[in-house]
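Presented below are the structures under discussion, each in the form of C-alpha cells.
Two complexes, one shared chain (subunit A), two partners (subunit B, subunit C).
So, the complex of A and B:
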C-alpha cells in the first residue's frame, strides 16, 4: 500500500463515523488552541513589559543613594543616607566621556491648585535632559528650559490627567498654578504615555530640579538617570559613575548603580519561564485528548474486527494493518491540531483588534510545538490500538465478528 | 426501577467495557488532578504571603504622608510639603484605643565597629517596636522609652548585623559608629528573616529623632499604630483620621489598616488561584468531550438493549436516567481517582521542593469533584436523550 492509500483509507474510516470523529477533533482543537492562546497571552505580557521598559529609556543607568553590603539582596529602593546625592554630583557625572545625558530626579508630593480646583500630585524635579532620557513627548508647549540646572525658574510641565483635573477644557499654556506655597507658570503638556513601570506619567507635574529643592526644602536627589552613549559604553559609564561619586564622597562607595538592561533581562527571563509553564499546563489537556483518541480507536478496532480479518485474509501484513490504524490516529491529531491553531489565531486576532494596546501574539514556536505535541500524543496513544489490530488472528477475527 | 437497581446497572455496564471505562475515567482524572495540584500551589502561595504579612502582629494601622488611593511607592514617602512630624506621632498616643505608636524613618548608612564596617539599612524607630511589630530582642533589651526629641544614643542590632560586626564576642555594651555619630549597643534582635525584600536581620535600629537628624529630614516616612485587641479596625482608623485632620487642617495623609491590606492581598491572590485552577480546567473540559464521545458510542452499541428495556415497559425517563447515571458515574469515579492522584502529587511536590509552598485546598478539591460530576451530567445529556428517544421496534430490530 502506498502512503496516499493509507491516508485515503483513514479518511474514509473517519468519515464513516462522523459524530465520533467530530468530537475527537473537538477535543484536540481545545487542547491545541489552549496551548497557543495561553502562550500568546504570556508572550504578549512579556512584550508589554519589555516595551514599557524601553519607554523608560535605553542604555540607562540608574544611580540610587545608599548601598547594601549583602550581595544579591534587594538594592535600597527607598530611604535616606547621611551623605546625599546632590545636584553637583549629577553635574559632575555629565562630564563623563561615555555619558550622553544625565537627568537628576527629585520626587515628592504636593497639593496643586488652579482657582478652586485642588489635587494632590506627584511632583518631579528634573532638567531638560529628562525629555530624551525617558523618551517623553510633548503635546503642547515646550519642556523645561535647557541650560543652568541651578536656576529655579517657576515653570511647570503637566501630565495629561493632571491637566484635565486642574483645567478641564481650558487652555493651560501660560496659566499660573499653585504647587504647595509657590506659583508656577504652565509651559507644556506631556503626550499621554500610559502607565509605564513605576510612575503614572499622566498624573504628574515636572518642575526644574532647583525649584523642587526649594519646594521640598531638601537638597538630596532621589535618583540620577544616566544615559550611556551606546550599549558597549554601559560598563565604562558605570565604572566612571562609581569612580566619580567615590572621589566626591571622600572615598566612600555609597551609591548603587543599576543597569536598566540587567533589570530588563531579569523580567524577560521571569516572564518567559511563566509562558513556558502556562503552555505546559495547557498541554496536559493534549494528553487527555490523546487518551480519548486511544479509547475511541480501541473501540473502533473491536468494532472493525471482521474488516481486519478480511484484510489479513487477503494478504495484508502486520506492519500494513499497523500503518492503517496509526494513519487514522495521525490524521485525527493533525486535523485537530490545524483547526486548533486556526481557532487560536482567530481569537488572538480578535483580542488584538479589541485591545490594540496589548501586544498579544503567539510566539513562532508555540503553534509548532503544540502541533508537534498533538501529533506525538496521537501516534503514542494510537500505537496500542493499532498494535492490537495488527496482531489479530485472521481466522478468529473473520469468524468472531 | 429502584435507585439501587439503577446504580447496580450502571456499574455492571461500566465493568462490561472495562478498558473503555478506565480510559474515559483516566481522562477526567488527569483533569481533576491538574486542578487539585494547581490550586494547591495557588493556595500555598496565598497562605505564605498572608503569613509574611501577619508575622508583624495583628491590630496594626499604618499612617503614611500624602493622599494616595493605591498601594505602592508614592512620591510623598520621599519628600513632601506637608510632613508627618514627630509631634503628630506623639499626639496619636492620646487617641483612645491606641496602645502604642512607632514613628518610622528608613535609610541606608555605613555602620562601623572597631575595624569592621558594613553598609545596610538603618531604621529610626520608637521604643515600642517589640509590641507593635511583635519582634523581640534575643539579647539585652530594645531602645529605652526616651523622650522623642531627646533620645540617647543607643542602638539595637538585627541578628545578622550582630554576627557580622561582632563575630567573636557579644555585641552588648559595644560602641558603634553610624554616619558620624557614636551609639552604644543595648540589644540584638532575634532572627526574623526577609519581609518583601527588606532583610530585617541586616538592620540597625536607632531612635527616630537621631535618624531624622542624621538623614537631615523633618518628616516621618510612616507612623505605625497598635490598637487594643478588642476593638475593630474601622472606627479606630476613623478616629486616627479625624485626629490628624484636626492637626493638619486637611487630609494630607493616608491611613491603611492591616485588615484592609490583607483583604486586598487576599482578593488578588484568590483571583490568581482561581485563574490557574481554570487552566487545569481546560483538561477537564477535554475529559468531558471524552465522556460525550464514549457515551455516544455506547448508546449506539446498546441499541438492542434499550429496545428490549423499552419493550419490557421501561419508560423514556427511566432509560434517560439510566444513561445519565452511566455518564455521571464515569465522571465521578474518574474525579475521585483524580483527587487521589492530585493530592498525592501535591504532597510529593511539597516534600521534594520544600521551597514551594503547597497547601491542598479542600474547598477547591471539593469544587473540582462537583465540577467533574457536572461535566459528566452535561456530556451525558445528549447521548442519554438520544437513547430515550429510540423507537423500541426499530431498536430491537437493530440487534
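So, the complex of A and C:
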C-alpha cells in the first residue's frame, strides 16, 4: 500500500466522523498551544530581565564598601569597621591595565529650586565616565566635563522628569538652579532610558563628584563602577581592584566586588530552568490529548469492526490494518500540532502588540519539541487501538462483533 | 483449482462443541459454477470462509491453485486472498463514507497499484456493471441492487480466480436479485469459478453443480 493512500484513507475516515475529529484536534491544539505559549512567556520574562540588566552596562564591576563574603581566613578583628571608599580609591583603580572606565558614585538627596518651582531631588555625584559606563545618552547639551575629578565645577545634568518639574517648557540650557545652598548651571539633559534595573535616571540631577562631596559634606563614595576592557578581562580587573584597595586600606579586604555578568548569568539560568519547567508541565496536556485519542480510536475500532473485517477479506494484512489506524492517529496529532503552533503564534503576536515592552517570543525549540511530543503521544496512544484492529478475527469482524 | 481433503472445523459455544464442518472433501475445478445449499446452521458460511482463507481448518488439507494453505503465514494467506479470491456478501459491506468508485478501488489501493492504472480499471469495472453514472454516489444514494453490483465490481477488481458469494440476493427483491445472479453468471462465463451460497432453489437450479450441507456434512448433487 502506498503512503499517500494510507493517509488518504485516514483523512476520509476522519472526515467521516467530523465532530469526533474536531474534538480530538481541539485537544491536541490546546496542548501544543499551551506548551508554546507558556514557554514563550517564560522566555519573554528571561529576555526582559536580561535586557534590563544589560542596560546597566556590560563588563561592569561594582565596588561596594564592606565585606559580604567570608573566606574562612583570618577571623575578623573585633570592632573592625570598614573603611570608606574615597575618590582617591577610584582614581587609583583607573590605572589598572584591564580597566576601561572608572566612575565614582555618590548619591544623596537635596532640595532643588528654579525660581518658584521647588522639589526634592536625588543627586548623583560622578564623573564624565558615568556616561559610557551606564550607557546614558544626552538629549540636549553636554555631560560632565572631562578632566580633573577633584574640581568642583558648579554644573548639573538633569534627568528628563526633573527637567519638566523645574522648567516646564522653558529651555534649561545655561540656566542656573539651586541644589541645597549652592547654585549650578544646567549644561545637559538626559535622554529618557526607560525603566532599567537600579536607578530611574529620569528623576535625578547629576553633578561632578567633587561638587557632591562639598554639597553633602562627606568624602565617602556610595560605590565605584568599573568597566573592564572586555568579558575576558573581568577576572583580572576584579583581582586588580581587590589588590589595589587592599594596598590602600592597610591590608584589609574591606570591599565587595560584584560582577554584573555573574549576576546576569545567574538570573538567566534560573529563568531558563523556569521556562523548561513550565513547558514540561504544559506537555502533560499533550499526554492527556494522547489518551483522548486512544479512547476515541478505540471507539472507532469497535464502530468500524465490520469495515476491518471487510479490509481483511479484501486481502489487507495485519500490518496494513495497523498502519491504517496508526495513520489516523498520526494525522490527528500532526494536524492538531500544526494548528496548536499557529494558535500559539497568533496569541504571541497579539500579546507582543498589546505589550510591546515585554519581549515575548517562543524559543525555537518550543514548537519543535511540542510537535514532536504531540506526534509521539499520538502514535504511542494510537498503537493500542490500531493493534486491536489489526488482530480482529476477520469472520467475527464481518459478522459485526 | 480448489481441493479440500477431510476438513474439520468446530466451534465451542457455551461449553459445547458445534461441528460446523465434518470431514468435508471437495474438488472444484477452475471455471466451475457451484451452488451450496442447506438449512440454517449447516455450515455453508463456514465452508465459504474456509475456501476464502478467512478461517483455518482444525484438521484436513486445503489446496488452492496447487498451494497447500497450511504452510502459509498470516500474511501469505492475506496475499493469496487478495490475488485469488473475490467476496460478495449478503449485506454488501460497502464503506459508507466512500463513493461507489472508491469502494471498487479499495482492493487495488490495498495492493499498492499505481493510481493511473487504478482509475482505468475502476472505470472499466463500473462500465461492465452498468454503474458508470453512479461512480460518484455514496452507498446510501444507491438501491440495493446497485449496491450489490458495486460490491461485485469490488470483488472483481483484483481479477480473482474464484468468486465467493454468501447469499448475495438475500437482501434484494426478486428483480434485482435476478440481475445480480445474472451478473455473477456472466463473470463465470468469462472463466471465474463461482461458488454461491443460497436458500433459493430457483437460483440453486441454475448452477452447474449443487452441494448440499447438512449438519456439517457436504454431499454432492440433488
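We take it that the second predicted complex is superposed on the first by the 384 of 401 C-alpha atoms of A that agree within 3 Å, B and C clash if a C-alpha of one lies under 4 Å from a C-alpha of the other, contacts with A are read in each partner's own complex, and residues count from 1 in each chain.
In this text, a contact is a pair of C-beta atoms (placed from the backbone, for glycine too) under 8 Å apart; a residue touches a chain by one contact, two chains touch by 3 or more.
Being a predicted model, the structure only gives us computed values, none of them experimental.
Undergrad: Between subunit B and subunit C, which one contacts more residues of subunit A in the superposed model?
TA: Tallying touched residues of subunit A, the top partner is B.
Undergrad: After superposition on the shared chain, which partner residues are touched by A:16: those of subunit B (first), subunit C (second), both, or neither?
TA: second
Undergrad: Of the two partner chains, subunit B (first) and subunit C (second), which one does A:166 touch, if any: first, second, both, or neither?
TA: Neither partner.
Undergrad: May I ask you to decide whether A:61 touches subunit B, subunit C, both, or neither, giving the answer as first, second, both or neither?
TA: neither
Undergrad: With both complexes superposed on chain A, which partner does A:190 reach: first (subunit B), second (subunit C), both or neither?
TA: neither
Undergrad: Answer with first, second, both or neither: which of subunit B and subunit C does A:285 touch in the superposed model?
TA: Touch partner of A:285: subunit B, not subunit C.
Undergrad: Tell me the contact category for A:26 with respect to subunit B and subunit C: first, second, both or neither.
TA: first
Undergrad: From the superposed pair, tell me which subunit A residues show up as contacts to subunit B and also as contacts to subunit C.
TA: Dual-contact residues (subunit A): none.
Undergrad: Quick check on the complex: what are the subunit B residues that touch subunit A?
TA: Per the stated touch rule, the residues are 19-20, 23-24, 26-27, 30-31, 34, 38, 65-68, 73-82, 105-110, 118-121, 164, 178-180, 197-199, 202, 214-218, 221, 250, 252, 276, 279-280, 282-283, 285-287, 289-290, 292-294, 296-297.
Undergrad: Write out the stretch or stretches of subunit C touching subunit A in their complex.
TA: Subunit C residues touching subunit A: 49, 52, 54-55, 74-75, 78-79, 81-83, 85, 87, 89, 93, 95-98, 102, 106-107, 109-112, 154, 158.
Undergrad: Sort out for me which residues of subunit A touch subunit B in the complex.
TA: It is residues 19-20, 23-24, 26-27, 30-31, 34, 38, 65-70, 73-74, 76-82, 84, 106-111, 120, 122-124, 180-181, 198-199, 212, 215-218, 220, 222, 252, 254, 278, 281-282, 284-285, 287-289, 291-292, 294-296, 298-299 of subunit A that touch subunit B.
Undergrad: Which residues of subunit A touch subunit C in their complex?
TA: Listed in rising order, the residues of subunit A that touch subunit C are 1-2, 5, 9, 12-13, 15-16, 306-307, 309-320, 394-395, 398.
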